[in-house]
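There are two complexes below, and they share subunit A, which is joined by subunit B in the first and by subunit C in the second.
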Partner chain A sequence: MWAQSSRRDLALAALLLIALVALPYIFPHPAMRDFIIYVIAYGLLAMSLNLLVGFTGLVSFGHAAYFASGAYIFGLLMQSGEVSIPVAMLATVGGTALLALVIGAICVRLHEIYFAFLTLAFQMFIHSVILTWVSLTGGDQGLMGGIPRPPFLGIDLGNSMTLYMFCVVLFVICLVIMRQIVQSPFGYTLRMIRDNPRRANFLGVNVVAMKLAIFVIAGAIASVGGIVMALFVSGAYPEFAFWTTSGEAIFMIMLGGTQLFLGPLVGAILLQTLNHFVTIYTEHHGLVLGIVILIFVLGLRRGLADYVYELIQSRKAAAAEPKPRAEPAQATFTDETRLADKGANT
Partner chain B sequence: MIKTKRGVSRRNFLKGAAGAAAAGAVGTTITGFPHIAGAQAKTIRIGMPTILSGRVAILGTSSRSAVQLAVQQFNEAGGLNGRTIEVIYRDSKGRPDEAAKVTRDLINNDGCEIIIDGEASSGSFAVQEVIRELPVLCLHTCSESSTLTADPKLHVKTAFRSARQGVHDAVAGGRYASELSKQKGLKRWMTCSPDYAYGRDNTAEFLEYAKKFDPSIEVLDQVWPKLFQPDYTENITKILQVQPQAMYSALWGGDLVAFIEQGNLYGLFNNITYFSGGLGDPPVLTAIKQLPVGLHTVYRYNELYPNNPENAAFAAGYKKLANQEPTNWSWQNYLATSFIFEALKRTNGNTEGAALAAEVKGMEIASPFAVEGKITMRDSDHTIIGYPAAWGVTVPKFPYVENFQSVPWSEILELEAEWKKSKGYA
Partner chain C sequence: MELEALTGCLSSLSCTVTQISTGLIIGMLLFLVASGLSLIFGVLGVINFAHGSFYMIGAYFAFIAYQTTQSFTLAILAGALGVGLFGVVFERLFMSKVYGRDVLMQLLVCYAFILILDDVVKILFGGEYKLMGMPQAFALPPFQIGGGFIPAYYVFMIGISFAIGVLLWFGIAQTRFGKVVRAAAINPQMVGALGINTTMLYAMVFGLGSLLAGTAGALAAPIRTLTPGMGLSILIESFIVTVIGGMGSIVGAFIAALLIGMTRAFGSMAFPLFVDGTMFAIMAIVLIVKPSGLFGRPVH
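Now for the complex of A and B:
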């Protein structure tokens, strides 16, 4: 069953890859490519955060620390001139995973607000290190001088089209990995921990180890987002590690939804699109974005993807059911847990 | 009999139409309308990424007003052989990645052929890297970080800085302060600057040159309030406890206003000779309810210095347009447009980055803000020299700062050359 589902996911991933590769040929404007790369970077940040928030119930306020770690480690390695891009990427993902392991080992033992605030504290600690270790990080001015992109295996990331293709491939690989994780027995164990950690514990699940594992995986994937951003802006900046970047990722999840696999990506697209257009027309973008988020929170009470999915499901259910009978009203699909049971697999 | 549906159902048609419309809308809005290539376009488009929201929005708004004034004057005077200039402003929110994205968007999507980079330091480094890849003419107008243009590794052929530079201010400040310290016997010093790279670097450079000119200066203590700190009581009481004869502060903007207001309550400025690296901006000076007399500040902007009709006209025009006093960023942006307009005239409207850069490189301009006749865009490192590197003293009413003393540029350049050698830049 799982193998069948995996094959379907791989086929969908291949289709997505083909669509993204074809897009610049349909809309050959460079701005389209820039926009997609930007969405990919923040999309990976939001989706990796959702592995914690949506699938494990760990609300991390400090996830951008790993995004920044990805950008800085990759940038510093490339500026050293000692390593090639693939080696730097592997070292970055490995280094960030190690960082997440150390931080996670301390944080995942805590619950709810204590976990959230400790992750935030670690993020601000990393932000302070970036600001004060000027000789290494460039302090508040960031990594200066650009990030070299020497060609490797015939791939020249100095070419903007090649960079786009590279980022798209990287994105789809990360999507497949995340999808396999949430669909695996490990992914279902995470949901069980989210819904009832005590029961999971009684069933013999090592809850702390599971939480730590997903914390490390999420951190490593966020670092790939950081690498994409570093390649795009050819630099790394302390703002990447500031709490507002984590806040943006949480906004993306709120806009897109936590229960569907692609929900945070929808949120990332929504937020970046809103940001793009609102900024053109007004300086009061904070106000506009605030109102939009308020509408989602108060009006929809969930992210857009969750809302649409639920709507489709309820219509399908209504169509499939025979005419209403004089029986007690059935539970509706508004129950979040039920949505999670059905929707998280989607 | 099985009835086979042929054609497209109403529902599917609507779905398809909605999808196509959405894709079209997204496609059009993201890709933008195709812009006409520079050579044929009647309007020349300039893009300006800057900070228009948040705590340092005054940097962007005062920069934008100055550019608006200059472009309005240029267009009203007939433009360039009938071609007018249009400026597209974008808010980067003070985020370097957003600055990079917005700059790329201005060039790729909006068809801007020239960039005026009104970003603070970190944003300007991000914009510099975009210009390296998309080589249009770019003038950085707000970043005072010396590294941006002094470090040859960061050099970009089509990027220039039309803004004051940290090392120039440090030499001028050190020289000015040392003369006073020798004259008044100010041996015991203290500093109070914001705790981030700019605050620390700016303070270190000021002290380096002050001590170079007067080795008897001794720094007793240094306090580092956080950036955007609302309460300075702790720092002020520490200064009063140490009782220095003089102090230097790199505080700026709202932080500086708060520090001086709170310092007034403690009589901080009664017995201390105060040197400021950020007080000289008219909006800051006018925001302080009781501006103490006799504070020493670096020149940021003053409509009576340099005292010439062109500078007064700039101030009057700016105030009429923006309904506020010009800032340091205002004159720097206004100056940047002068370089751009002159380069466009010399290339006869050719907006190609390399062509414009070739003209801006080494260009000398008779500007309202020049202290020694002209302001030069130095060809060796693409930064301006000849602007007011001066210090003055506060007075309670307009013009708020007077008695400006300018350090000769020959001396600044000599010490700058030594500094470059020490940093390995030359």
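Now for the complex of A and C:
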């Protein structure tokens, strides 16, 4: 059954890949390609973060640190002129995984709100390192001078169409990896940790090790987003490591919903579109974004996609069987268990 | 690393005195902000991520009040009470809607407010630095202790922050209100069952925590430059202080704030570029050795 579902996932991934490859031939405008590469970079950031937030219940507020680490390590390696693109990418993902391992080892032992703040603190530490180590990172100017893209295996990323195809393929590979993680027994263990860490611990799960493992994996995938971004803008900027980038990633998850695998990607598309229009009409981007966030959090009380998803689910349930009491009862049950958990923890 | 700069300073009394006064200034400001953060967390179980922005608006409230009235006392009152009131409104209208829900929702509400407040300040005052200037009353010659010069305002600020700290500690440890606050931190349901209006209590505690942040902002206004982004760095630093001292502990916040203040003052001589790094290192060591902080209750 597992093999069957992964075969279906692979087929869907192939379809997505074909669609993304075909897109620039259907809409030949270069702005379309740029938009998609942008969404890919931030989509990878948001989706890898959702491995933590949505699937494990770890609200990290410093995930952009790994995005930035991806962009900077890759950019610096390429600027050194001594390595090829695939080697630099592997080194970047490995290096970022190591960074996430060190930070994660300190953070994952802590409870939710401490965890959120500590990850934020480490991110700001990395941001300040980037700002102060001017001789290496260029400080607040960012990694200047462009990132060389020497051809490898007959692939020339200097060509913008080839770059687009390369990013699309990277993206689909990362999606398949994340999907496999989520569907594996490891992925189900993570959900169990999210829903009831005490029970998971009681059942013999090494909760800390599992959290650390997913923290490292999520960091590594975020670094791929950073690589895509560095390739695209041909540089790296300290804003990548600034806390607002993490905040936006969190909001993408919220906007797109945590219940669907592709939810954060929807959120990334929505937020990038929103940003695009907001910046056309006003320079007070933060004010507008803040008000939109408040409307979502206090009005819908969940992500847009989650809202639509639940609406469809309840419609379906209502159509299938007139059993209106079933769902609210379920909801109260989970709420009560959560409250009981909270009480036990404090 | 310039360790000889540090040893050179430590061997001279005047330099040591100057650095200690700098460390005390940083430490006291941090203590005011961190104790508010810690108080709110202790009772409501909520980290107010927008706490740094409250510090920022405290500074701007004081700035406006000082520009219009030229009275420093009114400026401090405007910062403290204005932000305290703002905190109560914020708690009632927004924060109370996300109690007991996902941390994600609390985080997002605060994130929204950081963005909104930063932009509102930018709209009203522009993005550039603002200086409030030193009030006339403090245009005194600096105090001279052991050859080191300490400006009169520093002495005033250290003194008043210390007084607020003692008052706060007394209020929490000795008064009836303090008892209710401490009880609510441990078992809110029981406090509610005893007939105490917890809604009111939460609003008051949130207001008090915000008032402390606003006071710190107002006190910092004469000696710091005012910018829309000034809240974030103090938020991170005060969080480090609460983590080291232990969440919910006022005494812990005080000792940790002094530790960080001195680390910044003396560390900036020995390794100017790595002062932030030192703070994080201290925090990491404390977390590894004692995850609940030096004076905190165990987390579990």
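Keep in mind that, in the parts below, the second predicted complex is superposed on the first by the 321 of 346 C-alpha atoms of A that agree within 3 Å, B and C clash if a C-alpha of one lies under 4 Å from a C-alpha of the other, contacts with A are read in each partner's own complex, and residues count from 1 in each chain.
Quick note on the criterion: a residue touches a chain if its C-beta (ideal position, glycine included) is under 8 Å from a C-beta of that chain, and two chains touch if they have at least 3 such contacts.
Quick caveat, the model's predicted, so the values are computed rather than measured.
K.L.:
Putting subunit B and subunit C on the same copy of subunit A, do they fit or clash?
P.N.:
Pair status: clash.
K.L.:
In the superposed arrangement, which partner chain does A:250 touch: subunit B (first), subunit C (second), both, or neither?
P.N.:
Second partner only, subunit C.
K.L.:
Report for A:83: first if it touches subunit B alone, second if subunit C alone, otherwise both or neither.
P.N.:
Neither partner.
K.L.:
Just checking: does A:121 make contact with subunit B only, subunit C only, both, or neither of them? Give me first, second, both or neither.
P.N.:
second
K.L.:
With the two structures laid over each other on chain A, which partner does A:129 touch: subunit B (first), subunit C (second), both, or neither?
P.N.:
second
K.L.:
Is A:284 touching anything from subunit B or subunit C once the two structures are fitted on A? First, second, both or neither.
P.N.:
A:284 contacts both subunit B and subunit C.
K.L.:
Counting only touches as set out at the top, which of subunit B and subunit C does A:298 meet: first, second, both, neither?
P.N.:
A:298: touches subunit C, not subunit B.
K.L.:
Given the touch rule stated above, what does A:109 touch, subunit B (first), subunit C (second), both, or neither?
P.N.:
Second partner only, subunit C.
K.L.:
Could you point to the stretch of subunit C, among 223-231, 241-249, 259-267 or 277-285, that collides with subunit B in the superposition?
P.N.:
Residues of subunit C that clash with subunit B lie in 223-231.
K.L.:
Give me the intersection of subunit A's contacts with subunit B and its contacts with subunit C, in residue numbers.
P.N.:
284-286
K.L.:
What part of subunit A is in contact with subunit B in the complex they form?
P.N.:
26-27, 29-32, 34-35, 38, 131, 134, 139-142, 144-146, 160, 229, 232-235, 237-240, 273, 276-277, 279-280, 283-286
K.L.:
Considering only the defined contacts, which subunit A positions touch subunit C in the complex?
P.N.:
For subunit A paired with subunit C, touching residues are 53, 59, 61, 106, 109-114, 116-118, 120-122, 124-125, 128-129, 132-133, 243-244, 247, 250-251, 253-254, 284-287, 289-291, 293-294, 296-298, 301, 339, 342, 345-346.
K.L.:
What residues of subunit B sit close enough to touch subunit A in their complex?
P.N.:
Listed in rising order, the residues are 26-27, 29-32, 52-53, 57, 90-91, 93, 95-97, 100-102, 104-105, 108-109, 121-122, 125-126, 129-130, 132-133, 145, 147, 151, 153-154, 196-198.
K.L.:
Would you mind writing out the residues of subunit C in touch with subunit A in their complex?
P.N.:
41, 45-47, 49, 94, 97-98, 100-105, 107-109, 111-116, 118-120, 122-123, 232, 236, 239-240, 243, 247, 273, 276-277, 280, 283-284, 287-288, 291, 299-300
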